[in-house]
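In the two complexes below, chain A is the common chain; its partner is chain B in one and chain C in the other.
After this line comes the complex of A and B, so read on.
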């Protein structure tokens, strides 16, 4: 049983939809910059991959209330684009919405809590109503017309890779015909302060896989794919060109926030995905790296890649230099980049990489490559708690 | 695919952590919340790591380790968990330091342990389990999704899966929900009061974990036949039809159901549909309630699942949970839970 990609939708610092995103990727235009939407804490000076629209502007785009969390607004915009792109009418099809997030409604909660903790006053308490992760999913599911099957995954930075995987498994086992899967995360002071406390934020624009990398920049956004069964794929007006051929979820079981030096979980996730796809390592044309830009992640991921691919590491890049690290959304956003690489015959550059890491025998691509045959893409998402997941997207022959 | 319940571990507002007893006496909680009765964790964790764990991590990882020990299983093929709100206490702690601290950088400890997957990750660390590890966080479908994940894993070839759920009552979030009039006092904790219902619910918390296995063995508690989720049904009739379809797909007639575990939570308004379903479908079944024991929370259905497992192996229904029709013995049990727009069913049977 194959699972096909019938539609995609994306919003991030480099574009409000698929077309804008492609233009930015092609032009090498990064979305990292000074942030303007958040206020109230000193971590504000740190550069981020922020979407330069207010909640009110996003709410208009989404067709939802501006009172909802920014996560819900971003989720709605990308999920709506993905559904429209697929051209699917869900009537009569068992359709699920599988989302993912790490912050949920924290952007609203933190505004309330800061004044509540300081003054003990319950001012604007309605801001906490949509705090939990599932709230954003349900706010989006209803206008999408989804009945019965909704869920949300929260496994830190691998969340939306896992939601895509879960959706594919539900289709393969016949539980669903169609699934909109991916994830969304909004910028929040909570995550910005947290990552700053961990001292893994770069005060300048991040440089993933560079010998002198200093850490990550946070980003925000949402990315969703519409996954369909073979049966549904056959009936589509627009025949799918990409399918999901491999995936695996593994746990590093090493430390709550750090990866094992040899990247055991990373290795198991990539290896598992390759095994399911039945592909030789040489068949992978491009790896969309997790590549956060922290010393720890890039080394563990790089070591695990070397262990799997040996001397023949495929072309690779981290697109987080474009978008920042979008946490629970990155698996969804980078799934879209992986699919675009296949569709557009392109490999996107790892921006700002000057000095390749000395521990590694390979270095990511630094210039845009166009007109290259990309048949199989491996996309990595690794998170806190040792949660490691890999997806493989393949061109439909 | 049917799954065998091999081990259980439950830490809740009742004395449930000791698997050798079955609700020996009911702990009455006064006020508007019920908090966990916790065991001595010394046998389960190293002293150093125990000190670093927040309360929910202790009672959740504790419940998971109780289940693991109970099952005798040594090799897990996956760990999958559900949590509605995640790690509230640690999130609040970090928010507090954000609001109050004036230093250049905050302490990251509470932030590190604030992600929803902290409990699943902690269990993976303790058991050295590199396998599939998932955390679902979706209101009244958090535990339900983890169960669906488990059933998919079994179809895909997994033998033993640790599945569970957890939610905690935390000081600040509780104060906010109290202000939003979500809760009411538990002055009358009798089951009959839950039938009548009042205005609001009694807050609860807890963790329940299970070892579900594809292989049958001696001493299994019971069998999970199937489970399903129904988001946002429009009417009682739609729910009735969905439950009938669910039973039909499992080839179980309504008359075969002996016990219905109902998620009635004592809030008259939100219980209307559950009462109607009991009236329409289950007039002859033994109706069992559980939220008068554990309170209401997003993953309370995992306590209901624990109750089902205990009833199946004991072949007995404690007096304290029966709402009506006490004559049936538990062969087939249907759990029907409602949390806001999230309706779910689980079908279990005796071995």
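After this line comes the complex of A and C, so read on.
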């Protein structure tokens, strides 16, 4: 049973939809910059990949109340685009919405707490109504008319890779015909101050896979794919050009927030995805790296890639220098980049990389490559708790 | 009795009591969570100082797993990548989230921040027990045994998982409970319970009689 990609939707610091995103990727235009939405707060000197729209503006795009969390608004915008792109009418099809997030409605809770601490009053208590991660999913599923299966996954930075993997299983096991899968995360002080406390944020623009990398920049956004069964794929007006051929999740079992030096979990995730796809390592044309820009991640991931691919490491890049690290959304957003690489015959550059890492025998691509045949893409997402996931997207022959 | 794919052990921690494979192993009703956790830790004769750094959700799942695996080791029987953990809960890591948020009023604490994700609790279990296969935490309003059984069965059926810790564990508002069972692809353990949602519910919904 094959699982096909019938549609995609994305919003991030480099674009409000797929077309804008592609333009930014081609132009090498990064979305990292100074914060405006959280300005005046602690840690506001740190650069982030922020979407330069207010909640009110996002709400208009989403067709939802501006009182909902920013996570739900971003989620709706990207999920709607993915649905529209697929052209699927879900009437009569068993359809699921599998969404991932790490912060849920934290942004609204922070707004509530600011006034609560100042005034000691429970006014605006409705701001915490949608705090939990599942609420963001449900707020989006309902207007989309999705009733068969709605679920939320929260596994840190691998969350939305896991939701895509999970959706594929629901289709393969015959539970669903169609699944919209991915994730969304909004910027919040909670994550910003937390990652800063862990001392893994770069005070300048991040430089993944650079010898002198200093850490990551946080980002926000949402990315969703519409996955369909073979049966549904056959009936689509627009024949799918990409399918999901491999996926795996593994645990590094090393440290709460750091990867093992040799990237054991990373290795197992990539190896598992390759095994499922039945592809040789030489068949992978591009790796969309997790590549956060922290000393630890890039080394562990790089070592694991070397162990798998040996002397012949495929072209690779981290796109987090464009978007920032969007946490629970990055697996979804980077799934879209992986699919775009296949569709557009492009490999996107790893921006700002000047000095390749001395421990590695390979270095990511630093210039946009166009007109290249990209048939198979490996996309990595690794999260706290040692949660490692890899996905493989392949061109439909 | 032995089955293909069977529950070969389980632990239930609720209302201040701990049951392990049909036997009440420990009880300290009405104790505050911190006291309950420390006493259970001592009763199990564990030596794992990192326990004292953990947040409450981690302590809950850590102790549940210590009980579940107290008479066996997964690493001896299985390859690390053949073992997994999938649990669900209602409140994710809310207890750690609140504590971290309170700390962030002064200076955000990295030691608290690391626990603001339920899968860090999974990570702690993986580190302790050498588990490197698939792991996930799902968030549901209430324990959904149909989902749980379906999901972990799928792991055993499709990706070569041979043993999976599965169940439910929640900590919120100074209340906690954990129900973990070990699902094994093959077992000759004397406690072998057929893996289905009815049996899971029966174990989870146990009512204390005394």
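Please note the rule applied: the second predicted complex is superposed on the first by the 387 of 397 C-alpha atoms of A that agree within 3 Å, B and C clash if a C-alpha of one lies under 4 Å from a C-alpha of the other, contacts with A are read in each partner's own complex, and residues count from 1 in each chain.
Throughout what follows, a contact is a pair of C-beta atoms (placed from the backbone, for glycine too) under 8 Å apart; a residue touches a chain by one contact, two chains touch by 3 or more.
This is a predicted model, so every value here is computed, not measured.
Peer 1: Chain A superposed: clash or fit between chain B and chain C?
Peer 2: Once chain A is superposed (C-alpha atoms), there is a clash between chain B and chain C.
Peer 1: Identify which of chain B and chain C touches the larger number of residues of chain A.
Peer 2: Result: the larger residue contact count on chain A belongs to B.
Peer 1: Which partner chains sit in contact with A:199 here, chain B, chain C, both or neither? Use first/second/both/neither.
Peer 2: both
Peer 1: Please indicate which partner A:250 is in contact with in the superposed arrangement: first for chain B, second for chain C, both, or neither.
Peer 2: In the superposition, A:250 contacts both chain B and chain C.
Peer 1: According to the stated criteria, A:169 is in contact with first (chain B), second (chain C), both, or neither; which is it?
Peer 2: In the superposition, A:169 contacts both chain B and chain C.
Peer 1: In the superposed arrangement, does A:147 touch chain B (first), chain C (second), both or neither?
Peer 2: So A:147 only meets chain B here.
Peer 1: Contact-wise, after the overlay, does A:367 reach chain B, chain C, both or neither (first, second, both, neither)?
Peer 2: Neither partner.
Peer 1: Figure out whether A:359 sits in contact with chain B (first) or chain C (second), or with both, or with neither.
Peer 2: neither
Peer 1: According to the stated criteria, A:133 is in contact with first (chain B), second (chain C), both, or neither; which is it?
Peer 2: Touch partners of A:133: chain B and chain C.
Peer 1: Just chain B (first), just chain C (second), both, or neither: which does A:121 touch?
Peer 2: Touch partners of A:121: none, neither chain B nor chain C.
Peer 1: Would you find which stretch of chain B runs into chain C in the superposed arrangement, from 153-161, 189-197 or 261-269?
Peer 2: 153-161
Peer 1: Where on chain A do the contacts with chain B and the contacts with chain C coincide?
Peer 2: Touching chain B in the first complex and chain C in the second, residues 102, 113, 117, 132-134, 151-156, 162, 166, 169, 173, 189-190, 193-194, 196-199, 249-257, 264-265, 268, 383-387 of chain A appear in both lists.
Peer 1: If we count contacts the way the header does, which residues on chain C are in touch with chain A in the complex?
Peer 2: Interface residues on chain C, with respect to chain A: 80-81, 84-85, 91-92, 94, 97, 100-101, 104-105, 107-110, 113-124, 126-127, 130-141, 154, 158-159.
Peer 1: List the residues on chain B that touch chain A in their complex, please.
Peer 2: Its residues touching chain A are 79, 84-86, 91-92, 94-96, 98-100, 104-108, 111-118, 120-122, 124-125, 127-139, 141-142, 145, 148-149, 152, 155-156, 172-173, 176, 179-180, 229-233, 242, 298, 341-342.
Peer 1: Taking the touch rule as given, give the residues of chain A at its contact with chain B in the complex, in rising order.
Peer 2: Those residues of chain A that touch chain B are 41-42, 102, 104, 106, 109-110, 113-114, 116-118, 122, 125, 128-129, 131-135, 137-138, 141-142, 146-156, 162, 166, 169-170, 173, 175, 189-190, 193-194, 196-199, 249-257, 264-265, 268, 383-387.
Peer 1: Mind pulling up the chain A residues that touch chain C in the complex?
Peer 2: Residues 102, 113, 117, 132-134, 151-156, 162, 166, 169, 173, 189-190, 193-199, 248-257, 264-265, 268, 272, 276, 383-387 of chain A touch chain C in their complex.
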